[in-house]
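Please go over the structures that come below.
Shared chain: chain A. Partners: chain B in the first complex, chain C in the second.
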Partner chain A sequence: MSSRRTQRSLEAIAVLDRVSYVYPRSREPALSNISLQIGKGEFLGLIGPTGAGKTTFCLLLNGIVPQFYGGRFFGRVTVAGLDTLEHPISRLAHHVGLVFEDPETQITAVSVENEVAFALENLRVPREEMVVRISWALEAVGLRGTEKRHPHTLSGGQKQRLAIAAALALQPELLVLDEPTAQLDPEGSQAIFAIVRELNHALGLTVVMASHAAEELAEYADRLALLRGGELVQIGVPDEVYGDVERLRQNGVRAPQVAETFCLARSKGVPVLRIPVRIEDGLALLRNLPPRRPPAGGRAGEAHGVREIRLSEGGQLEGGTSPAVRISHAPGSAAEGVPAISVRDLHHVYPDGTHALKGISLDIHGGEYVLVVGQNGAGKSTLVKHFLALLRPSQGQVLVGDTDTRELVVSDLAHRIGYVAQNPDHQIFSATVEQEVGFALRNLGAGEGTVRAAVDESLAAMGLTSVRGQHPLALPRGDRARVVIAAILAMGPETIIFDEPTTGQDYLGARAILGISRTLHQQGKTIVVITHALHLMPGYAERVIVMREGAVILDAPIRQAYNDLDLLASTHLLPPQVVLLAQALGGKHPEWPLLTPEEVAARIAEGGGRRCGSESNARRSAGRCRNGSAER
Partner chain B sequence: MTQVPLGEEREVKRLGGATLDGASIALVVALAAVVAVLSFIPFSVMLGSGGSIEMSEGIYGLIGWILGPIAGAVASGVGRFVGVLVAPHTAGVPFVSVWGAAIGSFAAGSMVLAGQRRLWWIPLTVLFVTAYLLYAGRAIVQNGVGLWPAIGATFLDWSGVLLFALPTRRLFVHWLKSPNLGKVAMGLFLGTWMISGLTHVNSGAITYFMYNWAEEVWIALIPVIPVENLFRCLIGMVIGTGVIVGLRAIGITKPDHAVY
Partner chain C sequence: MSDAQLYAPIPDSCFARLDFRPKLALVTTLTIVAFIWESPLLGGLLALVVALACLGAGINFRYLRAPILLLLPFGLLILVTQGFFADAVIRLRTGQAALTPVFVIPESVWLVGGAAMSVEGIAYGLNILAKMLTMALLVPLLVLTTDLDAMVLGMVKIRIPYKIAFVLASTLRFFPLLLSDIRAITEAQRLRGLALERMGPIRRARIYAQLAVPLILGVIVKSQMLEVMLQSKAFTGDPARTYLHEARLGPGDWAVLMLSALLLVTAVALYLAFGIGRFGGPL
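On to the complex of A and B.
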């Protein structure tokens, strides 16, 4: 905290003066009357829902907007004293480095050092200087020693670091990153934030980063600019911007969970003067809140704020004044009868010798909502592919119902298990939404009447009836995901697998897709979700399977799993901030399975301030959030 | 616009960067690579000499409509040159194949509706008519090929020239510019027929000069050439529709002389 700057430099590296921009063939502006200055050495975070204009803002800073796209441009943008409309992009590239969301789309060379050299070659940097800069840039991002490696052998986080190195090699004064961690796992994401922070602090590099990672931006950014509908809604320090939870909510943006929690606590009468936006501040505030008077007739222990809270069979909290959350169970779901999916001592070895799954055994019963978590390479996708018969076990058995998947082909399972990929665009290929939804049924020989009925029902279920004649790729991303889900629903599967459904989505988009999963679950479907976004899943998932290096290391109810901080840390997964707050409130006790901001806020409101228990545990985990991964 | 911009409107122009006749070099290179790759993917029934045509022959028109005449000719020519090097079995006479690709894209790119270049069709038509006369005329006058076999076997050539010389050329452009994908597809199909005919007449004029095949060959080619050309049209329509839809969707700045 002491290393954070609270005042930006008086000298501006970039100035936007009443900037508006309209893309070609578009009626509405992507940016509208934006005026702001970015100080030298500042870390400016850009936040806002999808479509707010964050990417357009990033592209403004090096002239890609509008020189590459055309369109109509109003106002003025100057970067390092250069007007971005009067200087070519190649000139601006000396001053502005740009890193995009998907590392795969940015890397073109066949070796790490060639990738870093590419821009330097294009700008005719002398060879001797190129060698020096390549070495320096790779050192700065922790990729020294990988010079000769092919980029495709790097992990996602390493690829993104390579993209940053390629931008750094130009020695820009301003580094612009457009959602650089959206496609990365938590470990990779932490590494990127750590590197960017280091570049900002150690080198004084000005950073502009568009991101939905609220907890990290609260930690690192000097200022935040909130965009919505192309307009600058608010600009200020993180405490101001993230502390105004209600305004963020109105603008479709998620605040850090610690801020959400204390905002709720305040609404319940807890005297919170200033909403904390960082976990350390939240933990400190917990220590300093005055204890609340226990209600008359309260049970023993309540004077110290310790309250017994239990989960009923129906998943409702008991013991609180009112349950803060109900866990929805699909009617008739129970761990009895033939499981929907059974895995028995499953091993899978890929042709290259990679032992991807090591003796996994588990059952998924009909009507369950299961979360599968773990770092990239843990084996999550490999496991799920066995459910779909896309992979065959090297050893062991996978049963769908009571049928061994070895006896089935993929098309046999199409009616039983649906799969929604991480990028819905990879599953869309028809010219209209209607054709897309009916494609599989037609392929399987269903009659036209059957197809039409199933398509109509699916479209209605996903709210896509009005766009049935449109090209799927012309729809917004969230609707494209709905198209894929509708196509799957048309097949009538009992089980639906969502692979990283919230990646690349803003808060509202993520909630919308998870809302669909909950609706399907309440209709009796079995839901399996693979995700890194642990903070979004309480209220949806009931059970968590944690994987590491091809093995299941924990299979437990979500409340238990989320509170096992040491186990999550061993897989480089970060528990949601609210779990850390809950830990500080009452320790790791099975009867304290607080999981959501609502629950923790209610607990604070009931029990008040000073806590016992594993606050040190919580602070240790919070420290992991700050210090980044060990990958460097 | 719901919000009135407060800032002064600025002139937007692309600064710096390499362009060729208003088309980004990057785009020229990318499309040349596409032509090169498609040069060794065969796509037709084998009716003629035992080989099939390569897919690149179906997109020379598309390249010209995207890049304009000069950039299009360069992209197709360079791409076909690379294709001839890596897949020589696909080129009867290599330099003729490269020339045909370039002139086809040049003709396609010249199909503009406005500006000075809208008159380029006139000298091009003269060139194509001359090529046809050298091709069919040589066969009939010098080599004694019958009139009807010559006309029948050159159906693709004279139909292509006619479609180019007549207002059908402008009709195809209107279809290519249409937001109606059906019209775009039709413009691509018939436009590819036309451009393939122009490519063929230019190539044929040179090739026939070299080989002087007999009347029996002319007769055999009467059904073969149109059927092969239908495959070129299919290639142009299928690939072209997707490409044009994609280019419109991503909003990339059009090359200055793009026809689509």
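On to the complex of A and C.
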């Protein structure tokens, strides 16, 4: 890969020279004094927390910033030799294809082929050539045969592939993707990365991708640019950037779990010369570590304890690694008495005939923290909507406490089950934070004194007291989510459902919301989380319900669920890297199966890898884990 | 209503396969005819024919039910008001000295005592209702049987500036997104204890007014994103662009165009010459 990188860096497709940019009506620069070159055929990853300037950087490359937005612009950007200030966006569109985060709003046409044709029509490409290009672009993204379909009949991942096809049809030299997988399920996300990598490798297309998907960028990107507050903090190959875990942490960015794990292991004295950032490198390193002491209860033959984990080229698991025993969740084991939610042989058939739920039975007891996972269309949302009485069972029964939800309307359940939607903006209706938090209680007929007391308590719990007089929509997204949670808390529900709470959040934002969920859980609330972000959930969830095609295929404690790799693979869910490392370590350790980087690092260290020779070395390792970087 | 219902597929029917231009011509003709005719009988027949045409064109009944249900309260209001208060207009149009009473409000009733509901007034109300129904049903007949890309192409062919055609089509495209947002917001409100089903109409209206804030915010965000996306796709609104598909008129299209012209001329001629369609006329 390094020779390819060197070869490609000889010729630049885009050059940014001391670029600064301030949006209209803004005081802070969105980008500040950025200089870099993007080589032809390069795959450049953009990483950084929310507000780092990643989207502005993307829009800079086709002239939308500053031509469309206005504002103050300093420096110079050239793409394919064209100055982005001197050439209209329509001219730059010949060279730069752009794909956005939201697959819904970037679709303009009502058929797949017309969607791909739209930009070509604008650029006056003759019809005959259009037909050829559409066919080629759809072939490249695996959407041949869908030409006449309405884009809204496609899945989220297919819509993003369509957006890529529409950009590709322009035959651009540079493909810019702004968080293209942020709203996709793991299967859709994997498909996007695979296609982009293929375009980059096979066609030599230059790719710039902003993403929080650390594991994938480590795998696919040639270089990474770390942005924060509009500044370019660091640029280098993934080994340098992701290997510097401490710096990433300081900048609010998550490192791949494999890097985090070995960084922790190094801090515990394990001799790790270079922090691996890709799972295959991590697995190789595990195999090459000096022999360790057999763990308590382990056999001598497991001295290395490293099991064979096979990965395909795309980093996919090839199987054969699941634990021998599946430990199913024992219903009723979590608590005695009436379950908080009880589902009995639940079927749901939508009016269009889709059989979305097929005989689901489960109990959720008070005080549990339950994670519901599965691909889009697996039935997760349909199931949860039954808990909220938003849907009625076609067959079977859902009980909240001892009440059948058929006997209730949605509002009856409001004070028993709170629901935090994926998009907090859809749950905000009032002019001030205070009114918003009191909204539900007033609806439920509470007196003004009760409302005031509950509002005060909820605002304090969510740290929102200081903004109680502000308009909720004027707050940052993370705070808006907290407003919604405060509003739900004011009703005093015993159960709170979080629907994809980490979508659209950066690492710190996601951690903050999950931290709130943990606090609520510790206070005795029952928590149900729907998410695709499996890597974020250890340390929070206790129990995992895995769904596929309307059925529950596994209901188990999180350690067992995450280690059932075959089953997860069967529903296209990727286990966190740390699980692969833990399984590679194998052995019959009392704490096995391991689930977090801390646990695996401790296991590696406990295994007796040669400890760093001197105290000063150990201190250095503990203080900072870095592979070396090109600081700016 | 699910997302699948919001994005209704274009039905596979003879009418749906027509070019946008003859469809537009037919819909325009029927609108004019509905506007001209004041006969409740003919107007009602026209509304029925249009409803049947919608079903024949492959439009699912649930998409027709919504405009009909929406018109129902207005229709009742119109029947009552016209039945009682359309005397002057009816006398002017028919030359009748007296109308046929159906029901007289006792004199003792304050303000409206003595007012009479007349047969002619009800007929006039039915005529207005038929016009409204026809026009309301013509919208789905045109919109739900034509894909938006074909609509843009058709509008450009009849020399509507591309930019305007695109904006019209985009507005229609945004409609399902808007409905989806409304649904999400009302759902969220119900989840916060709002028992819409137990509220009176005034309180419910006030609650619906609160939808405006998140809705407008959503629309602003979406439209700005759309604008940025259009820029990235080299959209300038320049009419000098190419098109993937051609809009060619086939024999069926020409037949509908001629039929529309014939219908319009005939209806106007019969109205003027024999008073057919006139209120109180032969039919």
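Rule of thumb we're sticking to: the second predicted complex is superposed on the first by the 552 of 632 C-alpha atoms of A that agree within 3 Å, B and C clash if a C-alpha of one lies under 4 Å from a C-alpha of the other, contacts with A are read in each partner's own complex, and residues count from 1 in each chain.
In this section, contacts are C-beta pairs under 8 Å (C-beta built on N, C-alpha and C of every residue); 3 or more make two chains touch, one makes a residue touch a chain.
Here the structure is a predicted model, which is why all the values come from computation and not from measurement.
Participant: In the superposed arrangement, does A:388 touch chain B (first), chain C (second), both or neither?
Facilitator: Touch partner of A:388: chain C, not chain B.
Participant: Quick one: is A:109 in contact with chain B, with chain C, with both, or with neither? Answer first, second, both or neither.
Facilitator: second
Participant: Look at A:533 in the shared chain and tell me whether it touches chain B only, chain C only, both, or neither; answer first, second, both or neither.
Facilitator: After superposition on chain A, A:533 lies in contact with neither partner.
Participant: Just to be sure I read the superposition right, which of the two partners does A:409 touch: chain B = first, chain C = second, or both, or neither?
Facilitator: Only chain C is touched by A:409; chain B is not.
Participant: Residues of chain A touched by chain B versus by chain C: which partner has the larger set?
Facilitator: C
Participant: Using the touch definition from the top, say if A:89 reaches chain B (first), chain C (second), both or neither.
Facilitator: In the superposition, A:89 touches chain B and chain C alike.
Participant: If we overlay the two complexes on their shared chain A, which of chain B and chain C does A:140 touch? Say first, second, both or neither.
Facilitator: In the superposed model, A:140 contacts neither chain B nor chain C.
Participant: Check whether A:68 is in contact with chain B, with chain C, with both or with neither, and answer first, second, both or neither.
Facilitator: both
Participant: For A:28, decide between first (touching chain B), second (touching chain C), both and neither.
Facilitator: In the superposition, A:28 contacts chain B only.
Participant: Have a look at where A:421 lands relative to chain B and chain C in the superposition and call it first, second, both or neither.
Facilitator: Touch status of A:421: second partner only.
Participant: If you lay the two complexes on top of each other, which residues of chain A touch chain B in one and chain C in the other?
Facilitator: Residues 68, 88-90, 473 of chain A touch both chain B and chain C.
Participant: Give every residue of chain B touching chain A within the complex, in rising order.
Facilitator: 1-3, 5-17, 245, 249, 251-253
Participant: State the interface residues of chain C toward chain A in the complex, per the touch definition above.
Facilitator: These residues of chain C touch chain A: 2-5, 7, 9, 147-149, 170, 173, 176-177, 181, 184-185, 187-198, 210-211, 213-214, 217-218, 222, 225-236, 238, 240-246.
Participant: Mind pulling up the chain A residues that touch chain B in the complex?
Facilitator: Going by the criterion above, the answer is residues 17-20, 22-25, 27-29, 32-33, 63, 66-76, 85-91, 230-231, 471, 473-474.
Participant: What residues of chain A sit close enough to touch chain C in their complex?
Facilitator: Per the stated touch rule, the residues are 59, 62, 64, 68, 88-90, 93-94, 96-98, 100, 102, 104-106, 108-111, 113-114, 117-127, 130-131, 134, 150, 152-153, 166, 170, 350-352, 388, 390, 409-415, 418-419, 421, 423, 425-431, 439-441, 443-444, 473, 487-488, 491.
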